[in-house]
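Shared between the two complexes below is subunit A, which pairs with subunit B and subunit C, respectively.
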Partner chain A sequence: MLVSAEESFLRGSTGGAAMLLLPIIVISLVGFVAPVVNLLVFSFQKAEATGALLGGFTFDTWHDVITDPYYRELIANSVGASLLITVLDLVLSYPIALYLHRSSGLRRTILLVLVISPLLLSAVVRTYGWIAILADNGLIDQLLAKLGIINPYRMVFNMLGVVIGLTEILMPYMILALLAGFGRLDLRAEEAAATLGARPFVVFRRVTLPLSLPGILLGSLLCFVLAISSFITPKLLGGGRIFLLATEIYDQAIVTLNWPVAATLSGLILAIFGVALVAYTRLLARLV
Partner chain B sequence: MSAQGPSKQPCARPGIQLENLRKTYPDNVAVDDLNLTVGKGELVAFLGPSGCGKTTSLRMIAGLTPITSGRVVVDGRDLTGLPVFRRDIGMVFQNYALFPHLDVRRNIAFGLEMRKLSSAEIARRVNEAIALVQLQGREGRRPAELSGGQQQRVALARALAIQPSLLLFDEPLSNLDAKLREEMRKEIRDIQKRLGITAIFVTHDQVEALTMCDRIAVLNHGRLEQLGTPQELYERPATPFVASFIGRTNRLAGQARGKVVEGAGWQLAIAEPHHGAVEVMVRPHRMKLAQSTVASPEAVNRVKGNVVRCIYAGEVIQTDVDIGGQIITVEQPNAGSEVTPEPGQAVEVTFLVRDSLVYSGAA
Partner chain C sequence: MTDEKPPSRGLTVLAMLLFLFLLAPVLVVVPLSFSGDAYLSFPPSSWSFHWYKQILAEPKIVSAFGTSLLLACSTMTISVAVGLPAAYALVRLKVRGANLLMSLFTAPLLLPSIVLAIAILVIFASLGMLGTFKGLLAGHVIVTLPYAVRILSTALAGLPIACEEAAATLGASPTVVFYRVTLPLMLPGLVATAALAFLVSFDEVVLSLFLSGPRLSTLPVEMFHYVETRTDPLIAALSCILVVATLVIVLVVDRTAGLARTFAR
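After this line comes the complex of A and B, so read on.
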């Protein structure tokens, strides 16, 4: 039998598949694994006040960071804010994603473009946009003033501003992840539930929601990870007054030149990612 | 319109009545004033080509598609305007529409849980339904772990468990392979008969409609073409559409003068007098190729033509014959002694006068 080289390569079971994976494995090793290992090595080294690393091996930085109440609060704030943003994104995006899932043709295309279009703008630009909208005497204040209301709340350069801005900026990701996870959602199954006597709310609770859980989990994981690691938006909308893990890492690495602390905090974020990923995998396994 | 034999009357109590059921969309009329009564315990097929309004009608009965006008009455209860979840109608969907996140038992129990029955009662009725569709031992499986036929059974059990007053089938067998489809046809029919449940069966497959159902409603362009037993529809189709949709048929266009129809080079006798342009339809297997003159006690039409081609199909032999420019197919059972005619051979096609259906004004 005559088999071309190409054919035997593609058919060639595991050997061929491994060959195809090689480029991404190399890129991942050089571009991701090696720097992360390097970073973790930094976290166990001592440094001078000038920032120069002295080498050696010590647990001091890890010990200091974990026992310092300031860093504990920082971690709690970061995780809390990211969870809040994730929940807000989920609540705001779910109806949109459901509507998109059920629409078709031109309507769906137009709506999908509208969902994706914010991603074409840099997060920096969108963040400045939010500053203009939320600032004292900004768009919202001016509108309220026209209605004769004086807004007593500050909405920017505080946690509220960061949450509002990040929630909007991460919404497209949540919507797309929900849509990707809605594969099992079938209008016919919902109709079947209705013919069996389920009211619309019961149909949602017993059929729609369980079938969309894979999407909810995927979107939540993605949103949480993006929220906790985002830097520009908290930096700008926080006005230097909101301290979260990502902004603190920047300050330690670039301003204070304390690379071991920056590396330790990075290691902590990585650990939080790990916990989120394990939680996601466990929950998903229980579903399927 | 040709004469129509007396229709088998449905039972005195109607299971479902459709009164002037109508569905219009901005750009078309999907269902055009459908009037239909299905007797209690009767299985009626909605048969027609795609887009004929059969599924729309079914969905309007279930309450899944809002009706434009008309009434749906089930067991004397007017369902018009009632939401789906209050209709008490069991429905089996084309893709089964099982709940993929629930196992077989929970799928079947769903409708019973909605009725807030006690768990003992739910368990009893679920077991009953599982036994009915012979799914014992598969209670804990998820739909994805079942074959197409088994999923079909779960869908049927789920719809039956709520003991509905009406059972609707939306092309339930179209996703199964031929052998399984035949098996499920018999099984669905058996269960429906045993439970005495009124049912409507939407299909585009005439064999399914003919073999399973008490009566068939043939729909075309949203209108009811004919309602009758399989035999009535096949033997006495009311319209040319029904004649050509159910079974195969030969069409001969000609001019009628009383009890005689004339075409290009042929002449036929017909039972009832007609005038003007008509179409004569004869089933292929009601025609014969006559090699010699055979005496017949009944009135027989004889038409001369030339063989175009002959197809040996095992059980039958199909011969296409050119009659004055129109091709007709003659189908004869293969009795073993048949001599297949050669193309170009002159033959005589014979058929009984009563086997020809005549429709006036046909194209």
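After this line comes the complex of A and C, so read on.
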């Protein structure tokens, strides 16, 4: 009789599985589940001006945040900027992804490494690079000066700089999502359309674009979600003058020490995440 | 019929221009690091190694580098030590609810880092763990552990179980099978996991910003504060060193473990 070797050598160790899993379960529950639940509980408490918690259960903080015109503007700015960044990322990444999809061999490998490698670089370093390009006396100012133009626009420490920097920093995610989506893109469909007399633009609009929609949706979800929760780039390229949800969470948590407000803003970010995810799932379902 | 359609000339030009935009900040940082100017100006008016030498004259940067190095090594060790048994239990012992457990273990990856950071801040503040090494270490492990379990599980699932079965049939105990057969076979996955845990910890900035204190902070946090308050080429020099170091780690891992093989599954 043949006893499954797998069973025989694993016999007796099934009880040991709990032992093997114990450390990671403890870390997950204590280090992740408990803090997140605790944070959400915090958003239903209220703090005194001194920062001391009043305890109890109240919707006051949520009510205060949602009705405060300052926070309303903050939320509108964050959502608006993130949507703009997502659209820019889509427009700028699509040609690169299409080019990568259509090239092959060593060239494709090298270019793919160039797309992924910025991800290994800290956001601090990449933001710093953008300050060097956009700042007064930076690359763009100097280039324009060579042409005899004095740049009248300030490009750092304002929303323009934040949008430019974040767009570039999130591009690799969009490119990779689009590339994954291009898997469905069959060259023969494009060729068939062209053979039947469709002009290149019509082929793109009627064949290429619709087939790559799943990748577009995934990339847009990723970029939007990463843009609205990013903090390093708005803080540095905004020069402390641009106020978005994520920077406000930091200020409330570290500077003002108003944890219930920071917790409520975190809850708001999670809620926006949820809405984005539902929109993504709905749109994707309509495609299939 | 070939399946390849070479990109048209128009697309090539457009893609190259966009690549220039994508790589612009990195391309600027390298020449900037050799600037001889006292302030941030591009292109620099003179060239020197001044800012490379200046790094060592910043005591905060030097001590933060030491902290980051120790922190990344400790995080790497704990991630592998906790992640490996977990991956073995999930993949080889096929515990009930393995998929559910995997979702729980990798959930921190889905949460925005700023939300995770404030959640941990609130807990650690009440435990007096802010600005301490153990606080930073605990926070970093929470962030790197999901990567570790994920990669180790993938590596383990990709191993042919036949070798382990053969050893077991020939009378080796489960412990011996694990140390003499399974572990050597999954060495590439192990090296990749260690390298990734190290790099993620060394680069981590949002969580560290919330958990560090005036007396103890990490290199990315010090770099963040430096860029926030001063504009000179020092960070460019430091960035170049980090880029080269990261490339060396990636190349070493690729040579020993085959990065593509590890992540391609």
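Criterion: the second predicted complex is superposed on the first by the 250 of 288 C-alpha atoms of A that agree within 3 Å, B and C clash if a C-alpha of one lies under 4 Å from a C-alpha of the other, contacts with A are read in each partner's own complex, and residues count from 1 in each chain.
In this section, contacts are C-beta pairs under 8 Å (C-beta built on N, C-alpha and C of every residue); 3 or more make two chains touch, one makes a residue touch a chain.
Remember, it's a predicted structure, so these values are computed and weren't measured experimentally.
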Please indicate which partner A:A132 is in contact with in the superposed arrangement: first for subunit B, second for subunit C, both, or neither. second
Subunit A residues touched by each partner, larger count belonging to subunit B or subunit C: C
Which holds for A:A189: it touches subunit B only (first), subunit C only (second), both, or neither? first
Touch check for A:A198: first (subunit B), second (subunit C), both, or neither? first
What is the contact status of A:I116 with respect to subunit B (first) and subunit C (second): first, second, both, or neither? neither
Just checking: does A:I232 make contact with subunit B only, subunit C only, both, or neither of them? Give me first, second, both or neither. second
Is A:I66 contacted by the first partner subunit B, the second partner subunit C, both or neither? neither
Now for A:A76: first (subunit B), second (subunit C), both, or neither, which partner does it touch? neither
Once chain A of both complexes is superposed, is A:A34 in touch with subunit B (first), subunit C (second), both, or neither? second
Residues on subunit A in contact with subunit B in one complex and with subunit C in the other? 191
Give the list of subunit B residues in touch with subunit A in this complex. 62-64, 83-91, 93-95, 97-101, 110-111, 114-115, 155, 158-159, 162
The answer for subunit A against subunit B in the complex is residues 184, 186, 188-189, 191-200, 202, 206-207, 210-211, 287
Please give the residue numbers of subunit A that touch subunit C in the complex, ascending. 5-6, 8-10, 12-14, 16-17, 19-21, 23-25, 27-28, 31-36, 38-39, 42, 92-93, 95-96, 98-100, 102-104, 111, 114-115, 118, 120-133, 135, 137-139, 142, 168, 171-172, 187, 190-191, 225, 229, 231-232, 235-236, 240, 246, 249-250, 253-254, 259, 262-263, 266, 269-270, 273
Given the complex, residues on subunit C that touch subunit A span 3-7, 11-12, 14-15, 18-19, 21-29, 32, 39-43, 82-83, 85-86, 88-90, 92-93, 95, 101, 104-105, 107-108, 111-116, 118-123, 138, 141-142, 145, 149, 161, 164-169, 172, 174, 177, 199, 203, 205-206, 209-210, 220, 223-224, 227-228, 231, 235-236, 239, 242-243, 246, 250
